[in-house]
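Each of the next two complexes has chain A plus one more chain, namely chain B in the first and chain C in the second.
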Partner chain A sequence: MGVAIIEASMTKFGQRDAWICELLAEAGKECMADSSVDPDDVEHLYVSNMASGEFEGRTGVMNALAHDLGVMPAYSERVDQTSSSGGAGMYEAWQSVASGASDMTLLVGGEKMTHRTTPESTDVIASITHPVEYKHGLTLPSFAGLTARHYLERFDAPRESLARVAVKNHENGVDNPNAQFQKEITIETALESPVVADPLRLYDFCPITDGSAAMVFTTEERAAQLTDDYVVVSGIGGATDTHVVHERDDPTIMGGVVESSKRAYEMAGLGPDDLDVAELHDMFTILEFLQLEGIGVAEQGTAWELAMDGDTAKDGELPINTSGGLKSKGHPLGASGVAQGVEVFEQLVGEAGPRQVEADIGLACNVGGFGNCVITTIMEATQ
Partner chain B sequence: MSFDAHQCPNGHVTYPGHPLCPECGEHQTETIDLSERSGEVVTWTTSTATPPGVREPNTLAIVEFDVAGTFVRAVGQVTTEDVETGDIVEPVYVEELRDPEAGIKEPESHEWDGYRFEPV
Partner chain C sequence: MGVAIIEASMTKFGQRDAWICELLAEAGKECMADSSVDPDDVEHLYVSNMASGEFEGRTGVMNALAHDLGVMPAYSERVDQTSSSGGAGMYEAWQSVASGASDMTLLVGGEKMTHRTTPESTDVIASITHPVEYKHGLTLPSFAGLTARHYLERFDAPRESLARVAVKNHENGVDNPNAQFQKEITIETALESPVVADPLRLYDFCPITDGSAAMVFTTEERAAQLTDDYVVVSGIGGATDTHVVHERDDPTIMGGVVESSKRAYEMAGLGPDDLDVAELHDMFTILEFLQLEGIGVAEQGTAWELAMDGDTAKDGELPINTSGGLKSKGHPLGASGVAQGVEVFEQLVGEAGPRQVEADIGLACNVGGFGNCVITTIMEATQ
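Presenting the complex of A and B:
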């Protein structure tokens, strides 16, 4: 059964006073209102969230949200796939409609993080690592430092190429009213910012963020009856790589990105050359290169050239992270994959305002851990 | 204490061990102690934003060991910030790599001792 997305919306990302259930309700309520879907129509509700228990001591958020939005007795489920919980939620929502189990599915992703200190949040996220990694104090940023050094040394890539990713995504974020940062930065600022995980510096990293995002999934047939502005999920794939990061054959190849995008391309009958726009999981600048190579847009060891040449800028050959990416928009873990979908949706239906590019086919790649779990989704415009 | 890599009957070696060999699915039946061997630094980083209970700064490296022609990698803390890719390092035993009480983990659920890498 063809699956369509008929509405997508997100809250303001940043440091918010609201707690997790309020954030989820804010995005869910707005998305249902904008889509004119009645709560009684919702048959499945998925809530993407990594760690509401660990961050806030709040569990059972899918039930809380179902009650807050009045969608009972819909089937409800919380989806945790760490940083790719949002993408995994898109997979679950797609599957619920594709299988015929649900005619109308609401997906809401969210996370509340900023009330914790940076070391505490870093530790919650680092708890996904293997015990032999955790006991040494490995964190996600330190995996990025290890990988970035290897990439730069092996492929003789300039350090400036990573800074250019940060500069580009900050520039894009200026036009996104929901982004945590709406501020341009210079290459010098990025290169001179404090070291976080050598050779990476502060501006190579996304911030810690509160926020929520939501989407409504239904059948293509029903979508066509309800609205003119919908997109079709033409391909989606998920894949898992090793838990222990150093056990991967090649530290610069994200196997989960390669496999999940291969599955999504096969399902859609498309390839990397067909893409008009993409949202990649730039939790760290180096990840934008590894994903561009993993999804087949660039050969291994060459994605840095695209950043240097401006090919991934908004006016480039393939605009990447027109939303500002995680780097500028922010990264509320469970919300991020859904928010990537929100941006691709808005680009395809022509609602991206000053961020708008010419796009009929868009891709979102949501990465959990350091590439441990990955979901790639391809969406197509219908108009 | 030993620094054990694990081997299956088909000769695949991993660190750490797994219930089944990730390569072929066989049970891992042998252990190879890496603590008396030297390895080569594949890459390294110095982390300055460390979680509770972790030393700051925390220099970390991925190190590759040659075990009879099979390469196996391990990750861990380095004894110094003065390290480069390609350096030869040796494991040095440390009783407590981070404070078990400070982080999110239940202290009893983990082992906290292990090996740091020291450039030779």
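Presenting the complex of A and C:
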């Protein structure tokens, strides 16, 4: 059965004076109101969230949200795939409609993180990694630093190419009122910011963020009855890579990105050349290169050239992270994959305002851990 | 597409000298080995788990399990619905096959709890409840005590009827080598045990437990090619009830049970009279009565009579909790719903050993919170 998305919205991302349940309800209510879907029509409710219990001591957030939105007795469930929980929620929402289990599914992803200290937050995030690496201090930023060094040296890429990712995504974020940072930065600012994990510096990393995002899924048939502005999920696939990162054959190949995008392309009957816009998981600048290569837009070791040439800028050949990406929009773990979907949706239905590009086909790639779990989703415009 | 279960197994439940990832791998490996399914054939892997992060400081357990079982690049995800995470995992596994997303899905549910003190564990569990009640000390056992008092007085049921649930389930557990407790108790033991939440006493409550359980889902067509011993999931449905328990109209009606079983019956084209065996979520003895009434086996206020008359015993009209139930088998949160499925599977394929009853149709009802989220599953034998 064809699956469509009829509405998508997100809250302001940043340091928010609201707890997880309030954040989820904010995006959920707005999305429901915008879609004109009655709470009684919702049959399944998915909440993408990695760690409400660890961050806030609150569990059962799907039940709380079902209560706050008045969608009972809809089925409700929490989906966790660490930082790709949002993408996993999109996959579950898709499956719920495609299997006939639900005709109307609401997905809300969210995370509340900024009330904890950075060491506390990063401790929760680092517990994704395998103990054999974790015990030696190999956290996600460390992997990013090691991978960036390897990539730059092996492919003779200039350090500036990574800075250009940060500069581009900050530039895009200026036009996104919901982004955590709405300020441009210069190449110099990026290159001279404090070292975090050599050769990566502060501006190569996404921030810690609070926020939520939501989408409404239904059948294509029902979507066409309800609205003119809907998109079709024409391809979606997920894949898992090794838990121990150093077991991977090549540190510059994200196997989960390669495999999940392959599945999504096959399902959609499309390829990388068909894409008009994409949201990639730029938790670290280096990941934008690895994903551009993983989804087949660039050959291995060449994505840095796209950044240097401006091909991934808003006015480039394939605009990447028009939303500002995780880098400037922010990265509330469970919300990020849903927010990627929100941006692609808005681009395809022509609601992206100053960020608007010409796009009929868009892709979102959401990454958990250091590529440990990945979901790739392809959406197509219907107008 | 028809969905079948071709294998089901569980670990020993109890106080286990193993961490969550080891427990998950133990059930997963055994189930894979018994099913003769090759790791490469697994397309989706679901992990039902409520709180590995809160209990053990470990996240990303689906990635760890995919690694330990060698099923990469299968899609992997964690499903949480608090104490009904196992049932929710069954629903996701069903959806993955029914939607065509996966032809071969492995579900593993597990929880590691006994290394934490009882107050620490119950703190995690209590965080399911709504703050408006939680702040006043209304934990799940408190709700059970209040509900039991109300039930006994309103329906003129003898206190002994609750004790009979505990005695019956302990008797059944004796024949389950994987049960946490394999010992019979007497009515007197139950009635004279220490008060926990008046009128409920120690033996009205399930224990805190470590353990895991697993099942393999595939299409009916492929199941028939692979084995003679498979069951069909003919009905499955989930529902959410109010987060604030005191907002419910009638404290003796579990709305989530009523609604989810209605959906499962409708899908299966069956009713309560068709059932041959059932696993109900007896986290507290009183819940066995409320679920018998919720799934339509007994009229409101009369399920206690079934307990008094022995109708729910192994040799009764409708054997309930032949596995020993949560009461004596134990309740490792994320594993419990899967273990309910394991018992129904074994009964339907004739592998329940000394617990075996005559059964072609079985039901499992898995409850999250105090009936906050509920999944009901109906399985049918094929031989």
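FYI, the second predicted complex is superposed on the first by the 383 of 383 C-alpha atoms of A that agree within 3 Å, B and C clash if a C-alpha of one lies under 4 Å from a C-alpha of the other, contacts with A are read in each partner's own complex, and residues count from 1 in each chain.
What we mean here is this: a contact is a pair of C-beta atoms (placed from the backbone, for glycine too) under 8 Å apart; a residue touches a chain by one contact, two chains touch by 3 or more.
None of the values given here were measured: they were computed from a predicted structure.
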item	value
Partner chain in contact with A:L138 - chain B first, chain C second, else both or neither	first
Partner chain(s) touched by A:S99 [first = chain B, second = chain C, both, neither]	second
Which superposed partner A:V244 touches (first chain B, second chain C, both, neither)	both
Touched partner set for A:H150, first chain B, second chain C, both or neither	first
Greater chain A contact set [chain C / chain B]	C
Which of chain B and chain C A:D204 touches, first, second, both or neither	neither
Which superposed partner A:E111 touches (first chain B, second chain C, both, neither)	neither
Chain B versus chain C as contact partner of A:V124, first or second or both or neither	both
Which of chain B and chain C A:E54 touches, first, second, both or neither	both
Touching both chain B and chain C, residues of chain A	54, 124, 127, 130, 242, 244
Chain A residues touching chain B - in the complex, by the definition given at the top	54, 118-120, 122-124, 126-127, 130-139, 141-142, 145-147, 149-150, 153, 194-200, 242, 244-247, 251
Partner chain A, residues of chain B touching it in the complex	14-16, 22, 42-55, 58, 60-62, 73-77, 85, 97-98, 103-105, 110-112, 114
Chain A-facing residues of chain C, complex	45, 50-51, 53-54, 57-60, 62-64, 66-67, 71-82, 88, 91-92, 94-96, 98-101, 124-125, 127-130, 237-244, 255-256, 259-260, 368-369, 372-373
